[in-house]
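Residue numbering begins at 1 within each chain, and the chains themselves are lettered A, B, C, D, E, F, G, H, I, J, K and L in the order written.
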Amino acid sequence: MKVLIVNGPNLNLLGVREPDKYGTRSLEEIEQELRTRVKGKDIELLFFQSNTEGEIIDFLQKNYKNSAYLMINPGAFTHTSIALRDAILGLKLPTIEVHLTNIHAREEFRKRSYISDVSVGVITGFGWYSYIMALDYIIKNSGKEG
Amino acid sequence: MKVLIVNGPNLNLLGVREPDKYGTRSLEEIEQELRTRVKGKDIELLFFQSNTEGEIIDFLQKNYKNSAYLMINPGAFTHTSIALRDAILGLKLPTIEVHLTNIHAREEFRKRSYISDVSVGVITGFGWYSYIMALDYIIKNSGKEG
Amino acid sequence: MKVLIVNGPNLNLLGVREPDKYGTRSLEEIEQELRTRVKGKDIELLFFQSNTEGEIIDFLQKNYKNSAYLMINPGAFTHTSIALRDAILGLKLPTIEVHLTNIHAREEFRKRSYISDVSVGVITGFGWYSYIMALDYIIKNSGKEG
Amino acid sequence: MKVLIVNGPNLNLLGVREPDKYGTRSLEEIEQELRTRVKGKDIELLFFQSNTEGEIIDFLQKNYKNSAYLMINPGAFTHTSIALRDAILGLKLPTIEVHLTNIHAREEFRKRSYISDVSVGVITGFGWYSYIMALDYIIKNSGKEG
Amino acid sequence: MKVLIVNGPNLNLLGVREPDKYGTRSLEEIEQELRTRVKGKDIELLFFQSNTEGEIIDFLQKNYKNSAYLMINPGAFTHTSIALRDAILGLKLPTIEVHLTNIHAREEFRKRSYISDVSVGVITGFGWYSYIMALDYIIKNSGKEG
Amino acid sequence: MKVLIVNGPNLNLLGVREPDKYGTRSLEEIEQELRTRVKGKDIELLFFQSNTEGEIIDFLQKNYKNSAYLMINPGAFTHTSIALRDAILGLKLPTIEVHLTNIHAREEFRKRSYISDVSVGVITGFGWYSYIMALDYIIKNSGKEG
Amino acid sequence: MKVLIVNGPNLNLLGVREPDKYGTRSLEEIEQELRTRVKGKDIELLFFQSNTEGEIIDFLQKNYKNSAYLMINPGAFTHTSIALRDAILGLKLPTIEVHLTNIHAREEFRKRSYISDVSVGVITGFGWYSYIMALDYIIKNSGKEG
Amino acid sequence: MKVLIVNGPNLNLLGVREPDKYGTRSLEEIEQELRTRVKGKDIELLFFQSNTEGEIIDFLQKNYKNSAYLMINPGAFTHTSIALRDAILGLKLPTIEVHLTNIHAREEFRKRSYISDVSVGVITGFGWYSYIMALDYIIKNSGKEG
Amino acid sequence: MKVLIVNGPNLNLLGVREPDKYGTRSLEEIEQELRTRVKGKDIELLFFQSNTEGEIIDFLQKNYKNSAYLMINPGAFTHTSIALRDAILGLKLPTIEVHLTNIHAREEFRKRSYISDVSVGVITGFGWYSYIMALDYIIKNSGKEG
Amino acid sequence: MKVLIVNGPNLNLLGVREPDKYGTRSLEEIEQELRTRVKGKDIELLFFQSNTEGEIIDFLQKNYKNSAYLMINPGAFTHTSIALRDAILGLKLPTIEVHLTNIHAREEFRKRSYISDVSVGVITGFGWYSYIMALDYIIKNSGKEG
Amino acid sequence: MKVLIVNGPNLNLLGVREPDKYGTRSLEEIEQELRTRVKGKDIELLFFQSNTEGEIIDFLQKNYKNSAYLMINPGAFTHTSIALRDAILGLKLPTIEVHLTNIHAREEFRKRSYISDVSVGVITGFGWYSYIMALDYIIKNSGKEG
Amino acid sequence: MKVLIVNGPNLNLLGVREPDKYGTRSLEEIEQELRTRVKGKDIELLFFQSNTEGEIIDFLQKNYKNSAYLMINPGAFTHTSIALRDAILGLKLPTIEVHLTNIHAREEFRKRSYISDVSVGVITGFGWYSYIMALDYIIKNSGKEG
């Protein structure tokens, strides 16, 4: 089973960018945590990060076939990208939206989301552990627990 | 370590009320799942459900001392109860908000939340598994994993 | 056939509270009128009034089974209670909303209703006779006229 | 006693137009029901339907004298006609607004009403029986019950 | 010189409708006042009143040629008729909007006007004298004073 | 196959009214173009124009049977007529909305449309050629091309 | 009979400031026109202009006694001065608001008025003749015509 | 003379909850201060606190007779309880609203009040001294000063 | 200890302007009451009233040094003067806002305040006694009670 | 004559993505239809699709010279891309906006368009035939019909 | 060449008022910096500061003739003074708006500006150096650089 | 000292695109002016332009280390790019926002900025000289003037 794990703009700087807000763990370290979690299970993780909206859509279009889930932290695109929403809707990928910070506790304009209502669910505010939770749900839901 | 697990209005009818929206599992069954999860760990779970806003606040005031976390599914109170928000703020209980359904995909008025921005984070849309995710985070975060 | 007839906050003071706005008839007198109306018909009326949102939901949860209709004057809860809305939605009780006064002719904030769009219909502005109209509809619709 | 019963745009197609939404009964059949209801009572019913706002106002101006009540289903004019509101206000006709469907459960723009707050009351959502309810109130209120 | 003087819905009932708000003078009496005012001057007044938006537009289309001015009290159409606005814009008739009452002191929805910004100017609140003021301006502006 | 072609208020003055905005071609000339387009095809065009909302609804009610399409330029009624919307919805006529000018480039209040979302599609901004495009679509879609 | 005639900010520059918008006539010339109009009538005109909100209020407080009317062109204060509104309300001076330009055809923020609804009426858009109209109304209404 | 003194949700935790925001004095201590203030005066103080909206309404309904004033700190209910507003309106109790903190300096949603406009006046921001001020006004206004 | 007591526009007419709304007591009489209150205490009261926003700011700038408190009734400036807000913020004067009437029960536009959130607290609706309450708080808070 | 034909994000998946909403025809097939349409006419079609906003702007900047028209289906960028709007405005390319679906009948946020008001016109809702209509207009308007 | 340099309310307290926000330099010191900058150039600087809106307008009216530029820091008047906007528009003075602080990073109500769109440009956030930048532009633009 | 100078979408066409709005100077010429300005000073300027949001973020991430300032003209991204805002916030680069035109005098949607409040300051409306002003500030502020 293949799972796409996509990170949006600025997330490649995790650990460097505002560590007191986003934590000290780098994106690579989070990816490592996730790989460890699926070790020995029949689950392939495919990671992608880009600062460009169109590249993320390209990635989704190229890889959605044979993929069972999309886990995405759309970063700022959560609030601005209808194109990303359309891609998720069009490709019919079961999507789990994750955020490191609690976006409800930030600027007013972060309240509008183009992604949340076309996702299965949203996990927000638990730092890098948000990704783990999403992965656990995928494992659980696809019967790959054992 | 004590964890308060509070469910708001109408959640006592889980399994009965709109099963295709909220799932067929009853609140008691979810509680059972959660108890199983902490078996053998030094974690006490204290459950409470009420249809009355004031009773939930009473419960929090009586039990917040010696409690490490509040896991709450405020149901409809998410969108209407400033009193509940004030209780959470005032008692300084680290709070995790959970929802069975993806509230972002429902009526417009469910977009306003008085609880989310005073919580640590929010988990929404994963059915009864939302509670499990919250509990896992608590276990993990308090070093009760082993 | 059982019909639930629920009155929300402050309606227990009917006849006392602002009689020129709400009429001089007490809630008991209205109940008496309604009982008279169903005399000899196979219809049982179950009355309930409370100033507490949660108690109304408790009542609905306890009595919705075997009930054919809910007639409700939610009073101020019309405009503030999403929890009550969820109860009506969840219990799938065919609901008729009644109001003594014409709420369209009052404060702006009384224009938002959480109950009306999940009801069968709404009757507003005819004083205590609003209840009679609702009951007549129920009698008629359930073939209990004869 | 004369009662004006006015139907606004598209209501002449009742029974034909979207029967699952508006019912299968034609406007003529509803009128027949209403006539039956007042048989033997000292009440004259004067019916009028038009798709043109101005014609309805013309009708009201010509017939308001000697009329005791106006029962009106303004249809779409509910939400757009300030001219109709002004006519009702100006002629001081006690007005009862009726709707076949529950307008609260439809498009957002049907929430604004120019008629409701200048009416005695509003009955909405009971199909053709909404008219019967209104008539019963008129009969009752004018002491024509016997 | 021809001047069109148009009155919108309900204005035919002046003197009858709410005399304490609109005055006791009938529309005919106002017309008489206006005719007296232009006696001996080379000015022809063409009066029209209708409760139907389309009839007013028909009238304007038929008579705008050879007309120097339009004096209009659009009544409720002020706030709802974009069609009337388009007619005035399209026919390029210099237009003076008049109102008997001070519409700024009435309901909120009377604040939106589709006519005012395509008129030369607006006179509101002076009862029937609003019409006289408009006529005086026309006389003055077209050099017909002498 | 019958096609209804309806023009709303002020469109009878095409060629006269603001020619630099609406073009110099009269409505009759546009109709002539359209007739030429269907010559030799099994398509009957039925034209109607009115400045009165109710007359357009009357026309639609009288002619919708046996008609395959409605092509309509609702003019100002686009933005104000819920009654027209209801007629289109109720009669279930496949509708194509056309406009001479690009209404997106005009006043803010022209952005709200009661017709567009109940139409098959909208063509706006191509002058009289908007009508041709709509007709071509109808010809194409009904297999009358040959 | 004394009439106060007040002009708000920037109106002292009439004739100089944007003559194509406000006309070429100076404020002194307008005052001269007005004086001519009341010649031989028992009417005293008291003129005042200031760019300072507080000075206008001072003037009204000093002179409202024994004054029968206030004619005011509040200029920009129309849209910003609640203090001026309070003065007019408090002193109970019958007030006529005049404007040289048609404020309905200008910036959006000029649509809000704090003065119009506490005035008898409003005259807007007729250049300096707006003042004449207001004065004629005052003469007429106080029986000083002869 | 009886004075009702009601405190809304979370106020029972005064002195404990966020002392730097709400002060270190407990509700009991404030009550003691108030009792001291009326010692020797013919004034009976009746205190009540609840976290439940309905219980406060119950209390008001039971005690409003023979009471001269209501002093209330509605806490969060200020912004959400139309039912409480209706109780105050219906019982016609002269009401003084008090707040410990300056609610104008807090979250945006605390700006809407359902209580303030049906009160005599509002005192906000002076800590527990807000209650003293309210009591002094009551003493003064009822001639109980001596 | 010096206390500045500032009154905004129109307050110099107290007792004259709308006595049923603002009371019959003049500003001088209120000042007299306040002076009496501090007699024998080490408190100097410095009064100022102006209808001009800038003069109030000038006064504050000249006198804020050596002043312990500002008591201000900004009148209409409450809702319009950001300059006054900036002065209070800049001079860091602990400020108490008072109003004679209950501004929450008046026009919608009086709900916006530029002063309240930069004040210590607000007292509104108690007539001239609002000033006494504010002074009592100042006396109390600065330990000048004895 | 060169015509640029640009398709925005996700349109490369036409025929695959939600075929019941967007049709079963692929983008290549639509392009083939368009090429067929101009066969033998002096018109060169230059196609471009990208999921990246900036690449579309790059394409326009490189090719706008010598191009007579731009036909664009901006997809989701319609509602989010001011940069694209600026490109169209700056390059002064006569633009025709097309959409496969009727965007007026979709989510609320698709009502805001940054492209429509800087286009010649808009064609929306006719599936792939929307492109044909646009091309026909271009052919017609540039005299390439023969 | 004469340049008017105007400072609005509270700016006379620069260096004193909130130095960490507005800097420690006084207005006199900024003026000195500016004078130094134009030394030896044919440029006369005329400074003015007032806390009163009307005095600033008076100043502009008295001095705009023979002036080439207005540099203005309107302070709080930026957001409230339409009268100042009208003065700038009327006198046709090329205006440069400057601010010490970055007003975009402050309260929401500071986002509305009545001055910015009638200015040549705006410089905000650079402390006293904002004035220098504005002056440099004026020097540069009028060819006074040498 | 390194200074990043970034230009957003469409700015590469300066001099070509709408020269009467944006000036006739090309981006290369502006860059030349800036280089000239720092000649002989210890300042390195690094220029970048892109039409793609993600490429600008990539550039900032690659070059922010060792850079002292970012001067950016975000063009249309000012109003749409939260990702760019996040990059600036995250990299903590002191940022100066510049615009050629006065964006306050353009479309309503250009009033919202995601960049301005996270910048040091904003310079808008002075054509290419806006860049010079920003550079002068940087030179001045970093003590590189000599």
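Note that a residue touches a chain if its C-beta (ideal position, glycine included) is under 8 Å from a C-beta of that chain, and two chains touch if they have at least 3 such contacts.
Just so we're clear, the structure is a prediction, and the values are computed from it rather than from any experiment.
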Legend entry - Topological distance between subunit B and subunit J, in contact steps: 2
Legend entry - For subunit E and subunit K, chains touching each: G
Legend entry - Distance from the mean Cα position of subunit F to that of subunit C, given in whole angstrom: 47
Inset, instruction - For subunit B and subunit F, let me know how many angstrom lie between their CA-based centres, rounded off. - result: 55
Legend entry - Residue numbers of subunit G (touch at least two other chains): 52-55, 80
Inset, instruction - Kindly provide every pair of chains that touch. - result: A-B, A-J, A-L, B-C, B-H, C-D, C-H, D-E, D-F, E-F, E-G, F-J, G-I, G-K, H-I, I-K, J-L, K-L
Legend entry - Complex interface listing, subunit D residues touching subunit E: 52-55, 57-58, 61, 80-83, 85-87, 89-92, 114
Legend entry - In the complex with subunit C, residue positions of subunit D that touch it: 102, 104-105, 111, 113, 116-126, 129-130, 133, 136-137, 140-141
Inset, instruction - Provide the residue numbers of subunit B that touch subunit C in the complex, in ascending order. - result: 8-10, 12-13, 16-18, 50-55, 75-77, 79-80, 109-110
